[in-house]
Amino acid sequence: MPAFGSDNMAGVSPQILAALAACNDGPARSYGADEVSARLERRFAELFERDVSVLLVSTGTAANTLCLAAATPPWGAVLCHPLSHIENDECGAPEFFTGGAKLVPVDGPLAKIDPEALRRKAREGKGDVHAVQPACVSITQATELGTLYTPDEVAALGAVCREAGLLLHMDGSRFANAVAALRVSPAQMSWKAGVDLLSFGATKNGAMGVEAVLCFDPKRAQELAFRRKRGGHLTSKMRFLAAQMEAYLADDLWLANARHANAMAARLAQGLASLEGVEVQPGAEANILFCKLPDGLATALLEAGFYFYADRWAPSVVRLVTSFATTTAEVDLFVAAAQRFVRSPAA
Amino acid sequence: MPAFGSDNMAGVSPQILAALAACNDGPARSYGADEVSARLERRFAELFERDVSVLLVSTGTAANTLCLAAATPPWGAVLCHPLSHIENDECGAPEFFTGGAKLVPVDGPLAKIDPEALRRKAREGKGDVHAVQPACVSITQATELGTLYTPDEVAALGAVCREAGLLLHMDGSRFANAVAALRVSPAQMSWKAGVDLLSFGATKNGAMGVEAVLCFDPKRAQELAFRRKRGGHLTSKMRFLAAQMEAYLADDLWLANARHANAMAARLAQGLASLEGVEVQPGAEANILFCKLPDGLATALLEAGFYFYADRWAPSVVRLVTSFATTTAEVDLFVAAAQRFVRSPAA
Amino acid sequence: MPAFGSDNMAGVSPQILAALAACNDGPARSYGADEVSARLERRFAELFERDVSVLLVSTGTAANTLCLAAATPPWGAVLCHPLSHIENDECGAPEFFTGGAKLVPVDGPLAKIDPEALRRKAREGKGDVHAVQPACVSITQATELGTLYTPDEVAALGAVCREAGLLLHMDGSRFANAVAALRVSPAQMSWKAGVDLLSFGATKNGAMGVEAVLCFDPKRAQELAFRRKRGGHLTSKMRFLAAQMEAYLADDLWLANARHANAMAARLAQGLASLEGVEVQPGAEANILFCKLPDGLATALLEAGFYFYADRWAPSVVRLVTSFATTTAEVDLFVAAAQRFVRSPAA
Amino acid sequence: MPAFGSDNMAGVSPQILAALAACNDGPARSYGADEVSARLERRFAELFERDVSVLLVSTGTAANTLCLAAATPPWGAVLCHPLSHIENDECGAPEFFTGGAKLVPVDGPLAKIDPEALRRKAREGKGDVHAVQPACVSITQATELGTLYTPDEVAALGAVCREAGLLLHMDGSRFANAVAALRVSPAQMSWKAGVDLLSFGATKNGAMGVEAVLCFDPKRAQELAFRRKRGGHLTSKMRFLAAQMEAYLADDLWLANARHANAMAARLAQGLASLEGVEVQPGAEANILFCKLPDGLATALLEAGFYFYADRWAPSVVRLVTSFATTTAEVDLFVAAAQRFVRSPAA
């Protein structure tokens, strides 16, 4: 039955599974001293059009919290959107990795931080020993609502950061979906817009379990390596993480997967928007969709075996997430089921 | 060229690779709510002959430090052997995960903690607010020298722990090698001998990257789950960790792999012991071997392309580690090369 | 010139200074094993009508953060008012001492947590491994706005805590002011209303630098002692902290001081309320007063040499704090100066 | 009865008590913005012959751990003597304040770190991500055995530190005793010999409870201020800490007190050394004395009411500590009592 619960419910792209098998060929140096890891570092430099330090880890939590820890002293503040994943869904992992820094919410419409609100917050308590010190801004791309920051919007935040002496981190667990939707280059979407540290996600978009910490600030690279080890995130058989990421980037699989996921979300939005009583949230351009459904529809769809989250936001609001593995048939099945209910809810 | 650097230089058992492909079949609940994970919990209960809480993580560092954190308050002491991995090779990960507990060395021959020394240390500073409080004992099985604790030896330490109110953790990154060598049951080697928390390793013995935290103390299980999440070790596509572990346990692959690795180490020991000037360290029964080589031999072998660690212990002492993937041909090649050198070192 | 900036700008009660001299009489056991400390523990038991564990520390930050650390695991949440001192003015000390727990705001009028809002928050994320776990509620008495929780209001929060399995901490840096204003017993104001841990302040009310952590939950007492030491808050010459506290409690000095401070605030409120254009914030019953002043008055008073904080809240809003040392002459001088300005602002 | 347990059993110098009374004169700015604090900063600059950042705290634990935290990242190692106070008597406070750094012992005779041993340890694991990174060396002056580093000996360690890129911290809880004994200037004993951070103790030598963190590295000063606040060590009524320290430095009271304590220890050593069967530990020049006593003598003296520690080192070894408050009469009483026992132990 179709699952729209999260893109992490999908399996693994066949090309990535094949790469695991392909690199299982005799012994290799451990902890990242292998040849695949070396190739991958060059590949990232090419993709991002500059030297970049690459650390692979197996979860998005690890990628984000390592970045935040490198960017924020224990007495620092991480400025982030109140809807951000790091604020709501990490069981305090950022606080753990930073040694007790504080996440400070900065609001803005559509899950995006407002630059003016950021400018105000970035000055708050600066130099006052009683206050945590703004040190870092973290934005999510694509956001938790499936909306996107344009490169210009990122650059506006980046400018505030530079002005206030803050680092800019991008939680890119869905970076591919954003780049694919906006048709921009990875460089434009990151360091050229002022991003210092990027969590470059792959797991939600077809990998088995690998994310890259990309650090554009050479001064932080060594620190990140020690923090990764201390966090238990230095994998011994690293070649199998590197092989996943290499296959993910090869032949633009990452963009193809993301484009497909985005297209499935658009198809779902279009299908649902045509139904009476369904309100599709505006602004979503990636692979996440929020909808307000008529009374009873969410329950009916769940009972029919569709899987998605329905009980976490406003009443009757559901979140639908598509992935590289979502099929048009699955989308159409879902829309058809919704349509049947809307037409005759009593059934 | 043969690699005896570490068992983590080996690749993945074909059965485990196959299991990854086999479970890549449509969507699944994430974060461990999948069917493979559910089956695995039952499998571990069967294997250990009792209920046990199972948490999968992707590295041994994570498994060990989560156990230590659940067993030790920040003001506590972890009593461990001075040669232990957690003391020497984790860049302070135990200190990070415990919130700053202290590792306190307790010595003993052959990398094994001496029970009498432990009894003394377990009392030191008890109740004194100026002293860290002994809270937990951590032993490595097989040890860092490739030696083994018999179940009776573990039970003797377990008795000291219960007497002093300490928990007993076993770093079992090579648990399979120990169980295979001693021909005992997993239960005998763990909770029946007083072990409260076991890091059940698989990565070094044929998995790609998975370890199980087995917790025999139900009171700590929930805490471990929160700590795992905070540490960034709750994998989203958990089924792929579970599938590795399931295949590892199926048809006793784990024991077969370990027996093979142990046999290769024995063959290596036997071959080298016959050479003049080579001193093979006594007591090693698993898959790690330390040898004192005649002057120049280590360098000659490294230059010939063999891979192993030579520069970390006493002069001319080398460590050789075999794995499930080591072949008799590789062992024999190594011994023959050493033999050639010993016979005519000038060559 | 009169200082209304904070009650911590005042000096020390003569009786407390005298007690320091009186106990400077030959050697004494250090770290709290002295006779004054022993007497003090009995005195607190008497005052609070039950056994209670007493730990002295020299700052309110230390008292509060030790309580929070004992009540909240690293993956826990401390529920507190958005205006609370621990949330705004401690540079992340609660996060440091708890090992990275999260402070979660729960709102309510007049700086007091609303019980219904608390009931909702106390359930949020319970048992969900992605969410920090509500573990403790912290309330300030008197609040940061100078308002008070009645014993019934505390009890209502205490009931929610017990229902949800949370501990209740009271930041009583101005506990004396609250008890004096409400004419209740210390017991009624604390453990009888469900408080598990009380920061019993003395510094702001006439001591030189001493606060007591009072722990009504015997299970946490030993942990607090170790945490105090680790935090660097176990004073060696403890008798000089104990002597301050003993003198503070003797002959109800603590209540006399607090009554005086409260009376001075009331006199100030009355004087200012009579002036045209001055809005005195309602509800304040202790020694803190917020007022909205006519344009220009705050600046005029500051320029005239009065000391108070004016620039931290809404425009033209000032905070005035009185202490045991504030005199009626000082209050009257301030009111008269304000009156002159109001009558002829051009002057 | 005379107490030789520790110099922290003594009370407070009369001049220091008087200074507390003298500064209790009307309101003052809190948190160190008062006039006494400002004067004190200038006084320290004069005393140390250079600009220096000064942070007052109320305990030696706080002073030391703040220094270590500023000098050592969480993945760092603090190299210290195995007998050092920070390693043995702080319940893990250094680990807490540094965020989990590791204390690594470096041995040497008479409780002093051997420069060659330090040179070796300073290189160990450098750059290896599996190893904690040597970041800081901490020495105690006077040492825990009452011995002293000469300025040349400190400079030798300082040279190793600079060579290896480590910072040098001096735990000077008995800095006065060392300076007085060696007749050197504070500057010679600290920054001129390569010390970057100095815990300048006063409590053990006549203050009530104040220590100064002196930071000769301007880059660390701001960080220290935030760490102090987070640690709960920013006292609100700071003038009373500053006043203690000001009186301590005035008219060289600190040196006079230290000279007296040292002289009492010398007198005690001389008296005891003349007794048959008593072995006075060589090398002690400050106010701490270790002696091996004839069987039964320690017990007899304790039963006679003298106070000192006897059960923590080798059998029959006792530690005797003198202070500014120790009198010649007390010393002579002790020696006489020992003499009586030695002459007729059966009595």
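Letters A, B, C and D mark the chains in the order given here, with residues in each chain numbered from 1 onward.
We take it that a contact is a pair of C-beta atoms (placed from the backbone, for glycine too) under 8 Å apart; a residue touches a chain by one contact, two chains touch by 3 or more.
Predicted model, so just to flag it, every value in this text is computed and none were measured.
Interface comparison, A-C versus B-C: the higher count of C-beta contacts falls to A-C. On residue numbers, the B-D interface is repeated by A-C, which shares over half of its contact pairs, out of the options A-C, C-D or A-B.
The distance from the centre of chain A to the centre of chain B, with each centre set as the mean of the Cα atoms, comes to 34 Å. Mean C-alpha positions place chain B and chain C at a centre distance of 51 Å.
Separation between the centroids of chain A and chain C, computed from CA atoms only, is 42 Å.
For chain D, residues touching at least two other chains, in rising order: 74-75, 90-92, 96, 99-100, 129-130, 226, 229-230, 234.
Residues of chain C touching chain A in their complex: 74-75, 88-92, 95-96, 98-103, 129-132. On chain C, the positions that touch chain B within their shared complex are 31, 73-75, 99-100, 129-130, 133, 223, 225-230, 234. Across the complex, chain B is touched by residues 2-3, 5-6, 8-12, 17, 20-21, 23-30, 57-62, 65, 90-93, 96-97, 203-204, 208-209, 226, 229-237, 240-241, 307, 325 of chain A.
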